[in-house]
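Several structures are given next for inspection.
You will see subunit A twice below: alongside subunit B first, and alongside subunit C after that.
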Partner chain A sequence: MGPRGLSRILAVAANTFRETIRERVLYNLLFFALVMTVCGLLLGQISIRQDEKIIKDIALAAMDLFGTAIAVFVGVGLVSKEIERRSLYPLMAKPVTRDEFLLGKFAGLSFTLLVNVMVMAAGLYLTLLLTGRPLDLRLLAAVFPIFLSLVLTVAVVLLFSILFTSTALAAFASLILVVAGRFSDVIRNMKEVAPGAPAWLIQGLYYALPNYRNFDFKDRVVYGDPVSTGDLGWVTVYAAVYVALVLGIALAAFRRREFV
Partner chain B sequence: MTASAETAALDIRGLSKAYRIGHVRPTRKPALVDLTLSVSAGEVFGYLGPNGSGKTTTLKILTGLVFPDAGSATMLGSPLGDRAGRQRLGFLPENPNFYDYLTPREYLDYAGRLFGLDKAQRQGRARELLEKVGLTAFADVALRRFSKGMLQRMGLAQALVNSPDLVFLDEPMSGLDPIGRRLVREMILDLKAAGKTVFFSTHILSDAETLCDRVALMRAGRLVAVGRLSDILHIDVTHMEILVTGIPESALDALPPGSEKRRTMGERWTLHVPEAQLGAVVQALEKAGGRILSVQPVRQSLEEFFFKEMGTPTKWDLAD
Partner chain C sequence: MRLIPYLALLLLPVLPLVQQRIDGRLGSFRVQHEALYLWSGEHVRRLTPGFENLMADIYWLRTVQYFGGQRAFSTDKRFDLLGPLVNITTALDPRLVIAYRYGATFLAEPWPMGAGKPEEAVALLRRGVAQNPRDWRLRQDLGMFYFFFLSDGAHASEALMEGARVPGAPPFLKALAAQVLVKGGERQSAKMLWQQIYEQSEPGQLKDNAGLHLAQLQSLDAIDALNEAAMEFARRAGRPPASLEELRRSGLTAAPVVDAVGTPFEYNASTGKASLSPRSPIWRRELAKYGP
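Right, the complex of A and B next:
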């Protein structure tokens, strides 16, 4: 892909970013995330000695939860809405390939999520500052993997929105996958719960589903356990490989899609 | 007349497409069957047919929205899907829809970026095109507030953002008021004057008659006729039409066999007479005190051709 291809991807990404920041759903979710952070602050004030941990816990959980909600509910409409409303039609006749279009969509929403995560992290630091607590930069070691998990979710949601013609079904399937990926340990230990289940199926599911637990550094950071650069490097590679695989399938499916 | 592949702006060879219908026992319904036609550079080409005749499917194949089952096409010498061809292509889809969160200026800027235009070019083109389609006053209004006709004008503007050499317009008059339709007609004529090729689908026959150098007529996915309107319509003039006034009806009783008379307005009569008898009839009319207002050849209209060759009006969606 040459510089012109990159420029077209950036054009689609910039437009997608503009689209997502003009979506009402985004502001609703951000509002609830802020409400949740304020709740954390109030809870912190009534919990002796645990206040700082509660603030961090709730803020990081809000970042993760609402980031996921934005990735799913905004992401699911990115391509399917274009098809449904036929806004894609004039674009497909222009010199932008389907690959460039989809990668632009992916990059645009990922950038929106990066901005969201940064805004929420800034909110967390502001809360800590205003309440006279130390500004713990190690929190970023939990924030960064959250962002990676959100990028992975965007890739998964884009894939489902191309595979399914129904937006609701794509959102439902994405949520199931995200939830299942957060309980991957349960899947690994399924043998104990369901001894009849074939081992290959359990193993297959365990490795095929995205393991969101890999991205969860919240407890370690909040409780002061060390997070090494190696840990973050490994989870970055895991996210990159998984995203590349999912996007690869999404691109292949999108190339074959007909807009009847 | 067909354009040779070398000079053709659009060359379609054996294009076919069938859609799968049904889930339980799916069948394939042909939407386009072995379409072959060429459009010369600089032509305004009308693609005519009723709903479901394969017009939109053809345009969807040419613009990469669906894939053909068989056949091929070149646009400006580039094969289907080739980026070089699309760089010089403009497309207005049927009932276009755009991002409702953008303004026309923002949308045209986005479209211009996809063509690799620099900022100054994009701003210049947006200004020029919005002026041309009469949307300058709405340049910064969100597209969600636009009526159907305004969206259609917006669609035309975005189709021309790259100054294309080949323009596909799918039902460009759809949703437009008379002023908007005149604007589209003028734009098509401007494009022709600038040497561009325009391929537009329509079921509004009067537009095709006014604008097109050549037309193709489609029915049920098949090409029924292609050529100049004068070739397709019966232009061998067998009868002449005379508009005459100031003559009593009794004086018209002696018209030659094969003639027809019809009272049009007040004392005016419209007469259809065999061409060979024209001189004698004119003389007789003048002798009887009639004043001849006009004499012109009787030509079959495209609409008459449609109804005669392709079916009854009830089977057609003939707007206008």
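Right, the complex of A and C next:
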């Protein structure tokens, strides 16, 4: 893929970004702003001085939760909508390959999520500032892995949206996988609750499913525990490898997909 | 027919009137009948992977609201859900130290100020200590709760000594441990311990609670002084003083005749004994253990 290919991917990505921002992301940010304002105003009164911790917990959980919701529910429509509206066909007639189209969609939604997470992080810092709390930059050590997990979710959702013709089914399968990935520690210790389960199956499941627990640094960061660059580096490598793998399968499936 | 929507709007001012009537009948603050659908922190943890801390915050807010609601607004003041709520909170976030400290206070304080379950409070603090071994405050609280609520000087001293060994712990913990062991159950030791809590606590319920206990103990000191003076009066006059006012006028004591919050002491002229008035906001049945 040359510079022209890259510029075509970026064009699709920019278009996807504009489209997704216009759609639902603004409502999410508005709701987040409201939640943070209410937290900042009320929590000090009703939590016995735990407001700082709770503000951080809520903000980080909201980034994770809302980001996942956007990744899944916007992500499943990225390709299928183009097919339903038949806007994909003229696009395919242009010199844009299917690979470039899919990678552009992936990059566009990932960028939307990056903006979403960054605005939410800014909202968190603003709330901390307005409530007279220190601006703890170490929080970013939890924000970055959240973003990585969202990128991974986008890749998974794109794959399912290509594999399944039904949007609802793709969304359902994506959610199942995301939830299962959050239970990876349970899967790893499954032998304790199901001694009869074959070890190879447990191991296979544990390594095959996306391990979303890897990206959860919220607890450590809120309590001020150190997060090493090594930890973040390995998590980044994990996300990169998994995303590349999933996108590779998605590209292969998309090349074979017939549009009727 | 076209006017009906406008006529319906005229009903708007009726709403506050109806609400006022309902509030008048049921009270403006009505305690919600709380229900817990999940009784195990482990179950809640399993249902919310990645969001355990957020759930802990939600359960902590529920705990505070439940306790405050029962204590302030409930007529029968039941604290049945307090223990499970605190347990779920701490299971979800074992490092939420405030939940152990305040939860134990809520649990241990005698009914109706708290749940009156000091054993549960001590068990909670023991779990807190196990989960947060580097937190000397939890060990200090554990020692104090053993001392105040279970009258167990040996365990209190042990917990305080362990607290003193935690890096960063203040040196006075060692002295407290020794005092508690020597004077187990005495009012002086109690005063010393509450004074430490009062001085260390930030403004809030823990400080207020320590202040209340200090006020109680100061009042008991004043009562002791009055009773001693009344005995001296009786020895000299051949009869007990007719009132605390007469005792004051005799010049035998300068002790106050009101408690630390300004409520006059009760006085029995036939026995010559003063006591804390049950009408006083600082009166508690449990104070009997410190005498008189």
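As a convention for this text, the second predicted complex is superposed on the first by the 242 of 260 C-alpha atoms of A that agree within 3 Å, B and C clash if a C-alpha of one lies under 4 Å from a C-alpha of the other, contacts with A are read in each partner's own complex, and residues count from 1 in each chain.
The criterion applied here is as follows: contacts are C-beta pairs under 8 Å (C-beta built on N, C-alpha and C of every residue); 3 or more make two chains touch, one makes a residue touch a chain.
The shown structure was predicted, so the numbers you read here are calculated from the model rather than taken from an experiment.
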Fit or clash between subunit C and subunit B when superposed on subunit A: fit
Arrangement angle, subunit B at one end, subunit C at the other, subunit A at the vertex (C-alpha, nearest 10°): 150
Touching partner for A:R85 - first (subunit B), second (subunit C), both, neither: first
First, second, both or neither for A:K218, with subunit B first and subunit C second: second
Touching partner for A:A61 - first (subunit B), second (subunit C), both, neither: second
Which of subunit B and subunit C A:R18 touches, first, second, both or neither: first
Partner chain in contact with A:A93 - subunit B first, subunit C second, else both or neither: first
First (subunit B), second (subunit C), both or neither touched by A:S7: first
Subunit B and subunit C, minimum CA distance [Å, superposed model]: 33
Sites on subunit C touched by subunit A in the complex: 46, 49-54, 56-57, 60-61, 64-65, 93, 95-96, 98, 102, 202, 204-205
Complex contact set, residues of subunit B against subunit A: 19, 60, 63-67, 83, 86-87, 89-93, 95-99, 101-102, 106, 110-111, 113-116, 155, 158-159, 162, 168
Touching residues (chain side subunit A, partner subunit C) in the complex: 43, 46-50, 53-54, 57-58, 61, 64-65, 179, 182-183, 185-186, 212-213, 216, 218-219, 222-223
Contact footprint of subunit B on subunit A as seen in their complex: 4, 7-8, 11-12, 15, 18-19, 22-23, 85-87, 89-97, 258-260
